[in-house]
Each structure stands twice: as C-alpha cells, then as structure tokens.
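Below: a set of structures, written as structure tokens.
You will see two complexes here that share chain A, one where it goes with chain B and one where it goes with chain C.
Now for the complex of A and B:
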C-alpha cells in the first residue's frame, strides 16, 4: 500500500515537472509548478521529515506560487505575447544528460540500500548533544545551536534578495494591479475576519512548537506572509513608496538580533554564535519570523514599504 | 475487518466518489459557472466524508475535532474563492452558457 502510494507520487512528480516546463502557455507552466511544490511536500511527508514538508508546502507551493503569479501578471502587463511563446528548443544534449543523471541517481539509491549504517555520523552526534541545548527538536537545534552560521546566512540571503528586487523595481509607481476590483463583496471581509486571526494563531503556534517538534521561524514566517498576501490582495494593505521606520526595523530585526546575540559570547571568551540558553533561541526565532514574513510580503508587493490603506 | 473499519472505508470511498465527480465536472462542464458549481459542491461533500472516515478510523476526539476544523476552513476558503472567481468572471463580461431549448 505504501509502495503504491510512493509510485503514484513519484509518477505525478515526473509528469508535473514535465508539464511545468512544456505546458501550452506560461500560465499553465506556473500552475503546474505550484502543484509540483504540493506534491513535493507529500514526498517530504512520506520521507518522515514533517519540518521540510511544512516548509515546502508553505514556501515552495504557497509563497513561491504567489510570487510567480504576481511576476506573471507584471510580465503580461509588459508584453502579453510572452504567454504563448514556446520554451526554447531542446538542446541535443538534453536527453543524454537526463539519462546520465537518472542513472547516477539510481546508482546512488542502490548504494544507499546496500550501505551499512556507520557509527559517528553527524545525525547521531546531534542526538547525543541534544539535551545540552535545552531543545527537544533536533531540527531547531541544528538550525540555531549547532549550525547557527547557516541560518544567519539564510536570513542575510533573504534580505539581500529583497534589496536586489527593490533595486530593480520602479519605485515611483506602486502597482495597483494586484488588488481585487472595488468595491469588494461582504464575503471578503467575513473571510478575513476568520483567516487573519487563525493564521496569526497558527504561525505563533508553529514558532512555539519549533522547540518541541515540527515547526520553526521559517514555516511560521511563511504562514504570516501568506496572511499578509491575503491582506494585500484584498486591498487592506497597500504598497507605499515612502520608507517607514517601523517596516525597516521589522525587516532587519531578525538579522540584527542574530548578530547581536551571536557577538555577545565573544565578550566572555566563548565561540561566536554560541547561544546562551533556550530564551535566546525563542528570541531569535520570534524576530526572524517577523523579518521573514515582512521580507516575503514585500517581495510579493514589490514595493519599498507597506501601509494600511485608508478607508 | 471490524465494523468501524467497514464504516470508515465506506465514508472514504464515498468521499473519493464525490471528488471524482467534482473533477469530471471541472473537466467536462461548458463554462466557468458550471465548473465552479461542480467543484465547490462536490469537493466540500467529499472532504466532509473523508474527514468523517478518518475521524472514525482515528477514534480520538481530539483528532476528530481537528478534522472537523479542517473541513470548516476548507468550506470557508472554497466558498469565498468560488464566489470571487464567479464574480470576477461575471464582472469581466463572461456570459453563462444558455440552456439548450427542448424542442
């Protein structure tokens, strides 16, 4: 039964990836890519990695889907002919490379099946050192206590991506095209009244759950960004060309607090980024959640800042 | 197979049948309004039946409450999104397909 399910998921992954490259129009390609992200999160769930499954569903399918949609919309505004343009012709090397890569993956899979578990792997070291961190979720422990460097770089990359996208957007023209048409229906208000508190609740729960089990700043931030995308789409939040101190503080608070807390141990002669206690983990995760949510939301709106819309 | 498992299986199969019907409607119906009609109604019933089947299988009140919540949120999201899509289609001037006149 489990094997059948796996085969169905893998077959649909291959079909979806083919469709997301070679579908009839660009719009279909995007839709297939979003569904590909959903199928991928199923794969992570089948591989017993709920953290990755959730991150993939929230970021891979949700936020990336919204970003590609809004990019599509802007592309259509510039050159409508792009939607029908076929992807460029396949290179003659494509088939041999695909076959070679497939063969390599199959060989690796066979090797993994044959391999004996080795003592002293990094994963076992993490499980042994887990009690010293005060956390119960090995994923969070790796992300913040053992490999804090990587997480610091990840949040820097996100911020750099936002700055780069802001550098190439036309700043004087906040784009109203992502809004729904006015006046909106009473149903939207009813939906927002339920969805917004629920998604704040879910993201805070994910944040708190990160120390015990599945969850963490990235998933929580993605859920909160999704909430922001809904608010922006329904016209409750509008993009603004005026930089605001509050928004800028929110964007940078994650990386600033990470650097701040990471530098403090140097004063006491301890290594860089050695987190003092569990409270530091909670603090970092909370500030990173705010930054991640705001960065993803501003990537979506493509503006310098956002504000509540008037009226 | 125990009685509860039989019941749960019946619910799950019933739910899958509704999903199948909704999908066929989505693919075969003539215009956007009919498609939304097929999708929103059939899928909500299907989701309800599948959640009920899973709740019976879990036989745990907490899990059942979470599944009920999932169903309610799904209902909310699909209702509003179907309404918005239909509204957008109507406002942008798509005419519903006329019913065929019986001779």
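Now for the complex of A and C:
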C-alpha cells in the first residue's frame, strides 16, 4: 500500500517535471512547476520529514510560484509572443548527456543505500546532545544551535538575493503588473478580513511550534510573505521607490540580531554563535521570520520598499 | 524494491530530465525550472539515502536540504529578476549563439 502511494507520487513527479519543461505554452510550464513543488512536499511527507514538507509547500511551491507568475506577467508586458516559445534547441548531445548524468545519480544513490551505515554520524551526535539545547525538534536544533553559522549565511544569501534583484530591476516605474484588475470588489475585503489574521496566526504558530515539532522561522516567514503578497495583489500595499527606515530595519533585523546574539558568547570565552538559552532561539526565530517575510515580499514586488496605499 | 530505492531512482530520472531540459529548452525561464528540478532531485537523493537514527530520519540532511530550499528560492528570484531585465533590454528572454560578438559557426 505504501509503495503503491510512492509509485503514484513518483510517477506524477516525473510527469509534472516533464510538463514544466516541455509544455506548449510557458504559462502551462509555470503551472506545472508550481504543482511540481506541491508534489515535492508530498515526497517529503512520505520520506517522514514533515519540516521539509512544510518548507517546500510554503517556500518551494508558494513563494516560487508567486515569483514566477509575477515575472511571467512582466515578461508578457514586454513581448507577448514568447508565451508560445517552443523548446527548439535540438541538440544531439542532450539525450546522451542527460542519460549519463541520470545513470550516475542512480549509481551513486544505490551505492550509498547498499553501504553499511557508519557509527558516529553527525545525526547521532545531534540526537545525543539534543536535551542540552532545550529544544525538542532536532532539525531546529541543527539549524540554530549546532550549525548556526549555516543559518546565518542562509539569511545572508536571502538578503543578498534581494539586493542583487533590486540592483537589476529598473525601479523608476511603478509596477502595475502585480495589481489585480478589480481590487475593490466587496468580496476582496471580506476575503482579506479572514485570510490576513488567519495567516498571521498560522505563521506565529509555526514559529512557536518550531522548537517542539514541525515548523520554524523559514516556514513561518514564507506564510507571512504569502499574506503580504495577497495584500499587494489586492492593492492594500503598494510598492514604493522611497527607501523607508522601518522597512530597511525589518529587512536587516534578522541578520543583525543573529550577529549580535552570536557575538555575545565571545565575551564570556565561549565559541561564536553558541546560543545562551532557549529564549535566544525564540528571539532569533522571531526576528528572522520578520526579515524573511519582508525579503520574500520585496522580491515579489520588485521594489525598494512598500507602503500602505492611500486609497 | 523498497521506497528508498524508488526515490533514488526517481531522483536519477529527475536529474536527467532536468539536465536535458537545461540543454534543450530555449526560453530562460524553462532553463531556470530545469535547474530547480535538478536541485530537487539532489535534495531527494540526500534525504532518501540518509540512514535513519532510532527509526527517525537523520536531522542533519534535513537541515541541509531546508537550507538548500531557501537558497534555491533566493537564486530563482535573482534569476527571474535577471530574465526580466534581459527581456527589457533585448526584447526576448532567450540567449542564443547569435548574440555572441564572435560567432565561430
């Protein structure tokens, strides 16, 4: 029964990935790619890794979907003909190269599956040291207590991606492509009144749940960014070319508090990024959630800053 | 066949498919999807081949993949911004050998 389910998921994964590369119109590619992300989150659920399932659904499928669709709309505004672009680089080498690379991946994976698990894996050390961190979710413990350096770099990469995107995006024109056509019908207000509080609630819950079970700052930030995307789509938030101190603080508070709390242990002769207690984890996750949500939202709007619309 | 083997084989197929798409597809957005699919294949491989600890999945590859997902999204967002800018400058979202200043063909 379980294996049948796996076979169905894998078959749909392969079908969706094929369609997201070779579908006739680009828009169909995008839709298939978003559903591919959802199928990936099913894969994580089947592999018994709920943290990854949540992250993939929120970040992989949700945020990537929003980003690709708004990019598609911007591309369409420039030249509508490219929606029908066919994959046309006929290459005789492509198939053998792809088959060879796929074969290598299969060989590597099957060899690892055959190998005896070695003693003294990092994962075992994590499980043994988990009670000392005060956290119950080993993934959160790895991300913040044991490998905080990686997470610090991860949020830096996110911020760097935002800055680089802003540098290549032309900012002088207010972007009409993120606005839906009729943002002021009565149903939109009713929908927002339900969705916005709910998504804030869900993201705060995900944040708090991260120390006990499934959840964490990145999932929570992605849900909150989704809430911001809805507000931007319905015209409640508009992109602005004026840098705002508050927004800039929000963008950088995650990395700043990470560096701040990470440096303090040096004063007491402890290693860098040795978090003092569970409260530090909560503080870091909260500030990172704010930064992640804002960074993802600004990646979506493609602007320097956002503000409440006057209307 | 157990499900770990199945997912390893799926990762291999996805990686091959993604690489094929990366070479064959002309539109840059499709190429970006191809890169993402290749990345997802590697993520599946990492998690599916990790040995469970006390019947629970190893947290270290999970944390690695979680970081990987976020970095993949960052790179995708930057790639999309580059594609939009390229399209604004040149009117098309493809790169071809004809655009090179020196064409050897």
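The rule is simple: the second predicted complex is superposed on the first by the 302 of 311 C-alpha atoms of A that agree within 3 Å, B and C clash if a C-alpha of one lies under 4 Å from a C-alpha of the other, contacts with A are read in each partner's own complex, and residues count from 1 in each chain.
Convention: a residue touches a chain if its C-beta (ideal position, glycine included) is under 8 Å from a C-beta of that chain, and two chains touch if they have at least 3 such contacts.
What you see is a predicted model, and the numbers here were worked out from it, not measured in a lab.
Legend: residue contacts after superposition of the two complexes on their common chain; A:121 is shown touching chain C, with no touch to chain B. Touching more residues of chain A than its counterpart among chain B and chain C is C.
By the document's definition of touching, of the two partners only chain B reaches A:191; chain C does not. In the superposition on chain A, contact of A:112 is made with chain C only, not with chain B.
Look at A:150: by the touch rule set out above, it reaches chain C but stays clear of chain B.
The contact sets of chain A with chain B and with chain C never meet. Chain contact summary for the complex, chain A toward chain B: residues 180-181, 185, 187-188, 190-191, 194-195, 198. Residue ranges on chain C touching chain A, taken from their complex, read 1-21, 23-27, 29-30, 33-34, 36-37, 40-41, 43-45, 47-51, 53-54, 56-63, 65-67, 69-78, 80-85, 87-88, 91-94.
On chain A, the positions that touch chain C within their shared complex are 2-3, 6-7, 10, 13-14, 17-18, 20-22, 26, 29-30, 33, 36, 40, 43-44, 46-49, 51-52, 55-56, 59-60, 63-64, 67-68, 71-72, 74-75, 78-79, 82, 85-91, 93-95, 97-99, 101-103, 105-106, 108-110, 112-113, 117, 121-124, 126-127, 138-139, 141-143, 147, 150-151, 154, 157-158, 160-162, 164-165, 168-170, 216, 218, 296, 299, 302. Chain B contributes residues 73, 76-77, 79-80, 83-84, 87-88, 91 to its touches with chain A in the complex.
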